[in-house]
Amino acid sequence: MTVRVQATDFDLGAELAALSKGRVDIGAVVSFTGLVRDLTGDLQALELEHYPAMTQAALEEIEAEAVKRWDLDASLIIHRYGRLQPGAQIMMVATASKHRKAAFESADFLMDFLKSRAPFWKKEHGLAGAAWVDAKEADETALKRW
Amino acid sequence: MTVRVQATDFDLGAELAALSKGRVDIGAVVSFTGLVRDLTGDLQALELEHYPAMTQAALEEIEAEAVKRWDLDASLIIHRYGRLQPGAQIMMVATASKHRKAAFESADFLMDFLKSRAPFWKKEHGLAGAAWVDAKEADETALKRW
Amino acid sequence: MKLDVVYFAWVRERIGVPREVVETEAVNVADLVAELCTREERYAAAFVDMSVVKVALDQTLVALDAPLADAREVAFFPPMTGG
Amino acid sequence: MKLDVVYFAWVRERIGVPREVVETEAVNVADLVAELCTREERYAAAFVDMSVVKVALDQTLVALDAPLADAREVAFFPPMTGG
């Protein structure tokens, strides 16, 4: 059960390998990776601001809630901040369980809560200027599923 | 959109990196990895038998159905056969999309159909003998979700 | 009619061979199963409960009453357990 | 009472500083917001629609009517957009 907030990139493969390394009790690992999209071709950078004093604790709280609801053998959340290029990795979550349903549901849950409860804000720097990304109503609604 | 059936192991990190490499249209990548469990401590090997003439086509059909139902930018299924050790990787699926819901749902869908529609059979070789793994009623029921 | 018949997992183990050519006049899968069961005990042992045996004709899953028609390969196996 | 007040994203940009110390007698968050809005136009600009501003007291999300009580740090920011 690990949470890391960092400016630097992460090695997804190494993180997933470490999650189940040397263990024979894990049957299923689910990972989600969020990447910087540039659908219009004019994005120069995505800036991620966060609330340092709150971020780690907020992510740990979300992770603790997942551990309470599902039988997880391991979990990991990594979220970056700072200025990221198109195509770059923004964040990842991974969950490991004996059963695939628990791994899938808990990763989906972590993402839903992370989206609307972890103090990160995205600003898109494009050729024509910069704009803060608006929160989606659907993101808040998604929390009601759980 | 790739399907591979192989005896050899695969490099999960390299496969996931290749899926989104050089692209800026992918916002979300979900992966599932299945590992050989040994919950009782007496598993010596897991043997995976398959129906070579059917396997590739069956997996491609499941993948094609996912591509039809969700807006996917990339997908990958790798499934191993042969004799595997506890802790070894059995298979993986990965889906990439602009949106996280599509990536999560399609990966979940691929796993549900792969479990009950791809011609693989598991045999557990333990200290006390060998036994075929029984299909779970829940696996067949899971297909009705979609 | 000559059919390639293939078996997997415990169905294969009960019948004792992974593959064989069967000469039959059966018109559908159920007829073929019934005919094989009368031939030898090992077939009866494999097909004693057809609710746990799946069938594919030319690598496509079919129901027990599927006509053999022009099928070239019939496969019998337990419910899949991959993933 | 002295409060550390922090701002993020466009709330920070409208107010012009990331952090400041505010001397106030406000008893809850809504009172503090109203008080700041009367002080300077930039606060009024940031807090014009409180339905899109979230509040945390000592790093915990709270509602607008939460009492300031013994809080040491108040944070104002837009709905989160991480992930």
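Letters A, B, C and D mark the chains as written, and numbering starts fresh at 1 in each.
Here is the rule we go by: contacts are C-beta pairs under 8 Å (C-beta built on N, C-alpha and C of every residue); 3 or more make two chains touch, one makes a residue touch a chain.
Note that the structure is a prediction, hence the values are computed from the model and not measured.
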Contacts common to subunit B and subunit C (chain labels): none
Remotest chain, subunit B as reference, centres from CA atoms: D
Distance between chain centroids, defined by C-alpha means - subunit A, subunit D (Å): 26
Euclidean distance of C-alpha centroids - subunit A vs subunit B, Å: 23
Centre distance in Å when subunit B and subunit D are each reduced to the mean of their C-alpha atoms: 48
Shared interface positions of subunit A, touching two or more other chains: 34, 100, 111
Sites on subunit D at which at least two other chains make contact: 83
Chains that touch, pairwise: A-B, A-D, B-C
Subunit D contact footprint on subunit A (complex, rising order): 34, 48-51, 53-54, 57-58, 79, 90-91, 111, 114-123, 132-135, 140
Residues of subunit A that touch subunit B when the two form their complex: 11-14, 16-17, 20, 22-39, 43, 86-87, 98, 100, 103-104, 107-108, 111
Of subunit D, residues touching subunit A in the complex: 6, 8-10, 56, 59, 61, 73, 75, 77-83
